[in-house]
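The two complexes that follow have chain A in common; it is paired with chain B in the first and with chain C in the second.
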Partner chain A sequence: MLRLIKAESFKLSKKLKSWLGPLLIMVLVLIAFPLSIDISQYDLDKFYFSIIVVSLLMTAFVATEGMFEEDFEDGSLEQEFLIEKDFYKVVFSKILVYVAFIGIPIAFIGALFSFANGVAIVSFAKILLLLSLSNLLLFNLFAFGNALSINKGAMLGVLTALPLALPVIILLGRAIRSIQFDEGFTAIIALMTGIGLIISAIMPIIISAVLKTHID
Partner chain B sequence: MITAFIHKFSSPKSFVNLTEKIYPFLIIFGVSMLIFGWAWGLFFAPQDAVQGNSYRIIFLHVPSVIFAELIYFFMAVCALMHLVWRVKLAAYLIKSAAPIGAMITFIGLFSGSIWGIPTWGTWWQWDARITSTLILFIMYLGILTLHGSFSNLEKADRLMSILVIIGVINIPIIKKSVDWWSTLHQPASISVSGSSSIDPSMLYPLFISVIGLGFTLIALGILTSRSYIFTREKNKRWVLEHV
Partner chain C sequence: MKLFSAKNITYSINENKLFHNLSFSVNASECLHIKGGNGSGKSTLLRIILGMTSPSKGLVESCNQDLDISYLGHKNAIKNYLTPRENLDLIFNNIELKNAFEWVQKFGLSHVQDELTANLSFGQQKKLALIRVLAKSSELIVLDEPFVGLDHAAADQLNNFLNTKLLQGVGLILTSHINPMIDCKVLELGRNNAEIN
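Take a look at the complex of A and B:
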C-alpha cells in the first residue's frame, strides 16, 4: 500500500499541470468573482461561501479530470491491474494522493479566502476541516465519473458524477450555515465524516470494477 | 436454482416470444384506464376547496413522478441482474427504460412547474423534492449519454449498470425529502398502508390514472425493448426467422 502511495505521489508531483492547474483555478475564481460583479462588502460577506462552494466543485472536477486517462492510454493502468491483486488499492491510493496534493491545498485556499472576507478567525479551522471533508467526498465521486467516461471527455464525466455530487453540496450548504449561526456544526461534521469514510471505503472498489471493465 | 430460472426466462428470445401477444392488450387496457381516469378527474371530480380547479393537474403530475421513481428502481433491479448473473436482457431493458424514465421525469417536473404558478406563485423553487427529482432527470440523461459513448456495447452495458446502481441512492432521497427537509411540498397525501388524507372522490380517479399510466408505460417499455432487442441481436438466426 505504501509503495502505491509513494508511486502515485511521485507520478503526480511530476505532473505540474495536474496539481498546480486546479489550485490556480481556485485562486482565480475566488479573486475574479467579486471583481467581476459590483457587490458591496456586506453582500460579499453573505455570499462569499457560495462562491467558495462553487469554486470547490469546479476545481475538484478539473483536478480529477485526467486521473485515470493518462494511465489508461499509456498502459500503466493495465500493468498495475495485472501486478496488483487488489486493484482497488491502486484506486484508493490514487484518490488519497490527489486529496492530499490537491484537495487539502484547495480547502486551505478556500478557508484563507473566507477568512479574508470577514469570517471570524476562530472559524478558520472549522472551514478548513469542512472543505477538506467535502473535497474527500467530491474527489471520490468525480473519480467515479471520470473512471466511467475515462477517455470520452469531461462532459460525460460531469453528466454522470454531478448528480451524485449535488447532495454533497446541499450538505456543505447546511454545514456553512451552521458555522455562520454557530449551531449544530459538530453533528454535521460527524455526519460528513461518516459519509466520507463510507464513500472512501466503497468508491475505490466500484471504480476498480469500472476500470476493470475498460481494461477488459 | 435461481440462476437456472433467471437464465431460462430471461433470454431475449423468450422475452420477445412472451410479450408477442401481451403488449397490444396492455396498450388498450392502459390507454383506456388513463382516458377514464383523466376524464373522471378533469370533468367529474369536485373542485378543491383551496386550490380550485388548478389541483386537477395531479392526475398527470402524481402518476408521472411515481413512475419516474419506479422506472429507475426497475432499472436498478435489472442492473443488479446484469452485473450478478450477466443477464443480457436486463441490460437491454435498462437501455429501453431509460428514455421512457427521462421522458416521464420531465413530464413530472414540467407539470409540477405549471402547478407551482397558481399554488406557490413560482415556476421553480430549489426545494428538496424538486431538486432531487431534477437530479433524477440528469441521472437518466447521464445513463443514456454514457451508453451512447461506447462503441463496444457489452462494455457500455456493464458501465451503464454500475452507474444505475450507484444512482439508486437518489430514490430514497426523493421519497423521504418531504419528511427530512422542510419543503414547499406537503408530506405524502396518499398512503398504501395507512389512511390517505385525500378525499375518495379525488383519490379514485387518481388511482385509476396511476394504473392506466403504469400499464401504458409497461406496454411502451415492451415495445421499445423489443425494437432494441431486434437491433442488438440482428445477426442471430431467431431474429431473422422472427422478423
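Take a look at the complex of A and C:
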C-alpha cells in the first residue's frame, strides 16, 4: 500500500496540469465571482458559500477527470492487476493521494476565500474540515464516474456521478447553515465523517470491479 | 515442476470461436511459443493465462496462487511524462533497481535516461519497457511480441537473456511472428483449432 501511495504521489507531483489546474480554477472562480457583481449591494458573507459549493463541485469533477484513463491506456493497470490481483489498493491509494494533493488544498482555498469575504475567522477551521470532507465524498463519487467512462466518453461518467453528488451538496448546504447559525455543526460533521469513511471503504471495491471489466 | 495448466480453454466473440478446447501446460525451464496470424487470439490467450480475461469455457490452474509473473503486453506501461530513470524508480525496489540500471547500460539507454520518455524513439521505449521484465526475478515470464521494434543487437540480448532464464528454471510464454532463438514448444493458433508441436 505504501508503495502505491508513494508511486501515485510521485506521478501526480509530476503532472502539473492535473493538480495545479483544479486549484487555479477554484481560485479564478472565487476571485471572479465577487468582481462580477456590485458587492456593495450585497452581504457577500451570506451567500458566498453557495459559490464555494458550486466551485467545489466543478473542481472536484475536473480534478478526477482522467484519474484512471492514463493508467488504463498505457497498460499500468494491467501490471498492477498482476501484482495486486485486484484494483482495490490501487483505487484506494489513488483517491487518497488525489484528496491529499488536490482536495485538501481546494478546501483550504475555499476556507481562505470565505474568510476574505467576511466570514468570521473562528469558522475557518470548521469550513476547512467541512470542505475537506465534502471533497473526500465528491472525489470518491467522481472517481466512480471516471472509472465507468474510461473508454466510453466522459459524458457517461458525468451522468452517473452527478446525481450521486447531489446529496453531498445538500448535506454541505445544511452544514454551512449550521456554521452560519452556530447550531448542530457537530452532528452534521459526524454524519459526514461517517458517510465519508463508509464511502472511502466501499467505493474502491465498486471501482475495482468496474476497472476489472474494462481490462477483461 | 508444473507452473500452470490450461484445460479445455474456449474463447468466443459474438458466437465466433477464436479457439476451442485448448489444453496445454507450462513447466519450469520450459518455453511455449504461441504462433498464429493476426486476430488468431494470441494476445487474448496470454491474457486468459494471466487471469485478465475470462475464457468462455475452460480453466487455467496455477500450481501456486502467488506465482510470480513478469508480463509485457502490447502496452508498454511506462509514463511518457517521466524520464526512464524515474520510470524505473517507480517500478523497482532498491535491490532490483541496480539490476535495472545494468540493463539500461546494456541496451545503450544511459545517454537518454534523464530525458523525457516521450522524446525517446519507439525502439528505445520498447527496450525500457522490456527492462521491467528483464530486471525482475520471477517464476514465469509472459511476453507479447517482445521482438517488435528491437534492433538486432537488442533482439540477440533478449534471446540470450531468455535462454539463461530457462536454464535457471523460469517458465516462458511468448507470442512472436519471428521464431525466437530459444528451444520452445509451439502452439499454433488457427481458425477454430490449435495444434501443439
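Here are a few things to note about the model shown:
Methods note: the second predicted complex is superposed on the first by the 207 of 216 C-alpha atoms of A that agree within 3 Å, B and C clash if a C-alpha of one lies under 4 Å from a C-alpha of the other, contacts with A are read in each partner's own complex, and residues count from 1 in each chain.
Just so we're on the same page, a residue touches a chain if its C-beta (ideal position, glycine included) is under 8 Å from a C-beta of that chain, and two chains touch if they have at least 3 such contacts.
Not measured: the values here are computed from a predicted model.
Residue contacts after overlaying the shared chain place A:100 against neither chain B nor chain C. In the superposition on chain A, contact of A:10 is made with chain C only, not with chain B. In the superposition on chain A, contact of A:58 is made with neither chain B nor chain C. In the superposition on chain A, A:148 contacts chain B only, with no contact to chain C. Judged by the touch definition given at the top, the superposed model places A:163 against chain B, while chain C stays out of reach. Of the two partner chains, chain C is the only one that A:81 touches; chain B does not reach it. Taken together, the two structures place residues 216 of chain A in contact with chain B in one case and with chain C in the other.
Considering their complex, residues 50-54, 69, 71, 73-82, 86, 89-90, 132 of chain C touch chain A.
Contact residues of chain A toward chain B in the complex are 144, 148-149, 152, 155-156, 159-160, 162-164, 166-167, 170, 206, 209-210, 213-214, 216. Across the complex, chain C is touched by residues 7, 10-11, 14-15, 70, 73-76, 78-79, 81-82, 85, 215-216 of chain A. Contact residues of chain B toward chain A in the complex are 128, 131, 135-136, 138-139, 141-142, 145-146, 149-150, 155, 158-159, 162-163, 166-167, 169-170, 173.
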